[in-house]
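Next up: some structures, all given as C-alpha cells.
Next, two complexes with subunit A in common: one pairs it with subunit B, the other with subunit C.
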Partner chain A sequence: MDPKLHQEMLKAISDKLTGVMQMYLDTCSRCGICASACHVYASVPEFENTPVYRAESIRKIYKKYFKLQGKLLPMIGEAVDIDDNTADMLKKTAYSCTGCRRCMVYCPFGIDTQQIMSIAKLLLIKAESEPEILSMLADVSISKGDSLDSVKENFLKGLKKIEADVVEKWKLEAGKVAIPTEVENADILYVALAGAHSIVPAAAIFNAAGENWTLSFFEAVNFGAFVGDPSKTKLILDRIINEAIRLKVKEVCICECGTAYRVMAQLSGDKPFKVSSITQVHARYIREGRIKLKPLPADVSVTYHDPCQIARNGGVIDEPRYIIGQIAKDYREMSPDPKTNWCCGGGGGLVALGDETIDFRMKSSKVKADQVKKSRAKILITACENCHTQLDNLNEHYKLGVEVKFLSSMVADALIK
Partner chain B sequence: MDSVYYFILVPMVYVAFFIFIAGNILQIVKVIQRKRFAPPLKIYPEQKPSFLWAIYDAFLFPMVRRSNPILWFFLIGFHVCVFLLFLGHLELIGDFSVLQIIGHEIFIGRGFVGLGILIALLFFLFRRFASPVRQFSVPEDYLILMLLLLTAIFGSQMDWARTWYGYGELTVYEYRPYILSLISLSPDIGPVMDVGHSFMLVLHVFFANLLLMFFPFSKLVHSIFAVPLNMIRRGK
Partner chain C sequence: MSDSIKEDKTIDLKGLPCPMPVVKVNKGIKQVDVGQVLKAIASDPGALTDFPAWAKTSGNEILKTDQEGDDIIFYIKRLK
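Up next, the complex of A and B:
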C-alpha cells in the first residue's frame, strides 16, 4: 500500500479518536446484544449484518495502531493492518449501516455504532473509495454556496412557477408574497429541499399562520454528512448559517429531512438563532391557535414512522403525535415506543444512492415492512424525505397497500380558515 | 518448587496489582486527555434526572432484560457474584462489622457464590460457540473467560474443600496473615505454605494475577467506562 495513503488513513483515525470514541472502541464486550437490535440483522440474520461486526472492522484496526494489546499481542484481539483490502471491507460495513442508532439503545454501554462507522466512512474518503455520487452531490452543494448569484435568478424563476400552488392551498391577502426570500429580520428562515413538495405545503402553512418568514436559497440536505466528510459537512452547513446571520433571522426551521435537522441542531455549535424542525413549528402554530385544521373522516386510520435522526436522535417525538392527534381520529402507534422504532432502512446515504442500493434496502428492511403491515393503517405518515422515499419503495416491494404521506402536506391539506 | 510458589505468591502479586492500578489510571488519563467530542450523543426521549437513569442503565441494563431475558439473568447473576466475591476477599483482610449485618461464617456465600459464577461463566462460554456471537468473538473473549473460569475454579475449590468436605487445614486464619504480610510490605508465605492445599491457592493467585495484568488492556475496562458511557447516552 502507498505509504503516504497509509499515513493519511492513520491520521484520519487519530483525528476521530476523541475520548468518547476511545471508550466506544475499548469497552465493547462483544456480547452481541446489539445484533437483533439492528434492522439489517433482524431482517437478514447473517453475522456480517450485526452492529458489533461492523464496529469490529474499525476496532481491529484501532487495536493494531493505537492500543498496547494490539501492538504486543495482535492475535489476541485479531488486530489487523490497514492494507489494500481495507477499503473493500469497510465499504461493506459502513454502507450497510444507516446510522439509525437503534443498536445504541440496546447496548448495555450505549456504544454508538454510527460514530464508529464515521471512522470507516472517513477512511473510505481517504482511500477514494466512498460512493462517488455522494461526494459529487456534496461538491455541488458547496459550489452553490460559492456562486450564489449565478443560481439565484433560476431559483427565483422556479419559485414563481409554484407560487400559484401555494395560493391554491392558502389564499393570501392582496400584496403579500407567497414565497418570500431575502427578508431581513425575519422570524423564521425556512430551509427546504430542492423540489416543490418541500416548499409548497410549508409556504401555505407559514402564510396561514401569518408568519414573518423567508425561504433560504439553499437546500437543507447535507450530502457531506451522508458521505461522512466532516469538512464538507461544515461547508454545506455554513452556507445556511451565514445566510441566517446575514438576514438576522431569529429562528432557522429545517424542512422534513432528518439528517439536515440533526446536523443543524446538534453539530453546528453555538449560533445566534434558534433551530427547529418544521414539525416543531407546526405543533407550535396549532398550540398557539395560529392555524386550524380540519380532521380526516373518522374511518381513516393513520400511523407515523419516526425518522431516526429526528426522533430517537433529535428528540422530536411528541410534536408529530400532537399534530396527528388534531387531524386523525384513528391513530395507531407503530412500535411499542418511538425509542425502539425500526429504522426505515434508507438512512446514511443509502436512499441517495438510489437503484444501486435498492436491493439491499428492501431486503434489510423487512422488519420495518412487517411493522407497518401490523399497524393495519391506511396512511403511513413520516417527516423525512429519505424515509418517505424508502417507505414508498417498501410499500411497493412488500405490497403494503398504504399511502405514504409527509406530515407537512397532511397539515397543509387540512388547513381551514 | 518453593521458589515458584514464592514468585507467584509475592513478586507476581505486587507486579499484577501495580499493572492493574497503573494501567487503569493510564486508560482513564488517555480518555480525559484526548480531544472532546462536543456535539450531544444522547438518545431521546430524555428522562430526568439523567444521572440516576444512567446509573440504572449501567447496573441493571434494562434493555438487555427486554431483548434477551436469559442472558440478562446470567449477566446480573454473574456481576452480583463478582461483587459478593469482592466483599468476601475483603473479609480475608479483616473483620468488617458491616459485612456481618447478616451474620455468616467467613467467607461470604458458603461456596455457592463461586458455584454461581462458574455456572454463569460456562453459560457465557457456550453462548460464544453459537452463531452469530461465534463469528465476531476474538481470542481475547475466550482468554478472559478461561482466566475467570480457572481463577474461580481454584478459588472456589479452596472454599468448597473447607465448607463442603470438611478439609479444615487451610482457612481464613492462614490466608489473613499472608495477605496482611503482603499489604504491610513484609511478605511471608509461611502461613499458607505448610498446609496440604496450598497449590490450590497458588493456582488461584496465579490466574488472578494474569487477569489483573490483562485487565487494563482488555475489554474488562467496561467496568470503568460503563457509567460514563451511559451518562453520555442519557445526555449528561
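Up next, the complex of A and C:
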C-alpha cells in the first residue's frame, strides 16, 4: 500500500478518536444484542449483517495502531493492518449500515455504530473508494453555493412553473406572492428539496397559516453527510446558514428530509435562529388554530413510518401523531414504541445510490415490509424523502398494497378553505 | 432533434424524485462518446438548477435548455 495513503488513513482515524469514540471502540462486550436490533440482520440473519461485525471492521484497525496489545500481540486482539484490501472490506460494512441507530437504543453501553461507521466512510474517502454518486451529488450542491446568481435565475424560472399549483391548493389574496423569496426579517426560511413536491404543499400550508415566510435558494439535503465527508457537509450546511443570517430570519424550517433536519439541528453549532422540522411547524399551526384540517373518511386507515433521523435521532415523535390525529380517525401504530420503529432501510445514502443498492435494500428491509403489511393500513405516511422513495420501492417489491404519502401532502390536501 | 442540435441518445427522467434525475444523467452521459450529445427530458423544476451545477462539476456542457409544456429538455455535450 502507498505509505502516504497509509499515513493519511491513520491520521483520519486519529482525528476521529474523541473520548466518546474511544469508549465506543473499547467497550463492546460482544453480547450480541445489537444483532437482532438491526433491520438488516433481522431480515437476512447472517453475521456480516450485525452492527458488531461492522464496528469490528474499524475496531480491529484501531487495536492494531492505537492499543498497546494490538501493537505487541496483534493475533490475540484480532488486530488487523490497513492494507490494499481495507477499502473493499469497509465498503461492505459502511454501506450496509443506514445510520438508523436502532442498535444504539438496545446496546447496554449505548455504542453508536453509525459513529464508528463515520470512520469507515472517512477512510473510504481517503482511499478514493467512496460511492462516486454520493460525492458527485455533494459536489453539485457545493457548486450551486459557489454560483448563486446563476442558480437564482434558474431557480426563479422553476418557481414560476409551480406557482399555479400552490394557488390551486390555497387561494391567495390579491397581491400576495405564492412562493416568496429573499424576504428579509421573515419569520421562517423554508429549506426544501430540489423538487416541486417538496415546495408546493409546504407553500400552500405556509400561505394558509398566514406565515411571513421565504423560500431558500438551496436544497436541504446534505450529500456531504451521506458520503461522510465533514468538510463537504459543512460547506453544504453553511450555504443555508449564511442565507438565513443574511436574511435575518427567526427560524429555519427544514423540509421532509431526515438527514437535512438532523444535520441542521444537531451538527451546525450555535446559530442566531431556531431550527424546526416542517412537521413541528405544521403541528404548531394546528395547535394555534392557524390552519384547520378536514378529516379523511372514517374507513380510511393510516399508519406512520418514523424517519429515523427525525424521530429516534431527532426527537420529533409526538408531532406527526398529533397531526395525523386531526386527519385520520383510524390510525394504526406499527411499533408499540416509536423509538424502536424499524428503519425503512434506505438511509445513509443507500436510496441515492439508486439501482446499485435496490437488491440489498429490498432484502434487508423485509422486517419493515412485514410491519407495514401487519398494520393493514391503506395509507402509509412518512415525513422524509429517502424513506418515501424506499417505502415506495418496498410497496412495489413486496406488493404491500398501500398508498405511500408525505405527511405534508396529507396536510395540504386536508386544508379547510 | 432541436434546431441544429442532434442528440445521440435520449433519456427520460420525468417523474423521478430528487436526486435521481442528476444520478441518471450522470450515468447517461457515460453512455455516449466524448463529443456526442445526450438529450435528457426532466419534469421537475429542480432540474433547472441541478443540471447546470452538475454540468459544471462534471466538466460537461449544456448546449441548450428547452421547455415544452411540463417537460424540461436538456441537450448535453459530453466533453470528457
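Note that the second predicted complex is superposed on the first by the 417 of 417 C-alpha atoms of A that agree within 3 Å, B and C clash if a C-alpha of one lies under 4 Å from a C-alpha of the other, contacts with A are read in each partner's own complex, and residues count from 1 in each chain.
In the analysis below, a contact is a pair of C-beta atoms (placed from the backbone, for glycine too) under 8 Å apart; a residue touches a chain by one contact, two chains touch by 3 or more.
Just so it is clear, the structure is predicted and the values come from calculations on it, not from any experiment.
Undergrad: Of subunit B and subunit C, which one touches more of subunit A's residues?
TA: Of subunit B and subunit C, B contacts more residues of subunit A.
Undergrad: Between subunit B and subunit C, whom does A:Val300 touch in the aligned arrangement: first, second, both, or neither?
TA: It touches nothing on subunit B or subunit C.
Undergrad: Touch check for A:His388: first (subunit B), second (subunit C), both, or neither?
TA: second
Undergrad: State whether A:Leu193 touches subunit B only (first), subunit C only (second), both chains, or neither.
TA: second
Undergrad: Does subunit B (first) or subunit C (second) touch A:Glu56, or do both, or does neither?
TA: The first partner, subunit B, only.
Undergrad: One more residue to check, A:Phe109. First (subunit B), second (subunit C), both or neither?
TA: A:Phe109: touches subunit B, not subunit C.
Undergrad: For A:Asn313, is the partner it touches subunit B (first), subunit C (second), both, or none of the two (neither)?
TA: first
Undergrad: Contact residues on subunit A for subunit B in the complex?
TA: For this pair, the touching residues of subunit A are 17-24, 26-33, 35-37, 41, 45-47, 50, 52-53, 56, 67-69, 75-78, 101, 104-112, 115, 266-267, 269, 311-315, 317, 338-339.
Undergrad: Given the complex with subunit C, which residues does subunit A contribute to the contact?
TA: Subunit A reaches subunit C through residues 133, 136-137, 139-144, 147, 150-151, 154-155, 157-159, 161-162, 193-198, 219, 221, 223, 352, 354, 385, 388-389.
Undergrad: Please give the residue numbers of subunit C that touch subunit A in the complex, ascending.
TA: For this pair, the touching residues of subunit C are 17-20, 22-24, 26, 44-50, 52-54, 56-58, 70.
Undergrad: Applying the document's contact rule, which stretches of subunit B touch subunit A when the two form their complex?
TA: Listed in rising order, the residues of subunit B that touch subunit A are 27, 30-41, 43-46, 57-58, 61, 63-64, 66-68, 71, 75, 131-133, 135-141, 143, 217-219, 221-222, 225-226, 228-230, 232-234.
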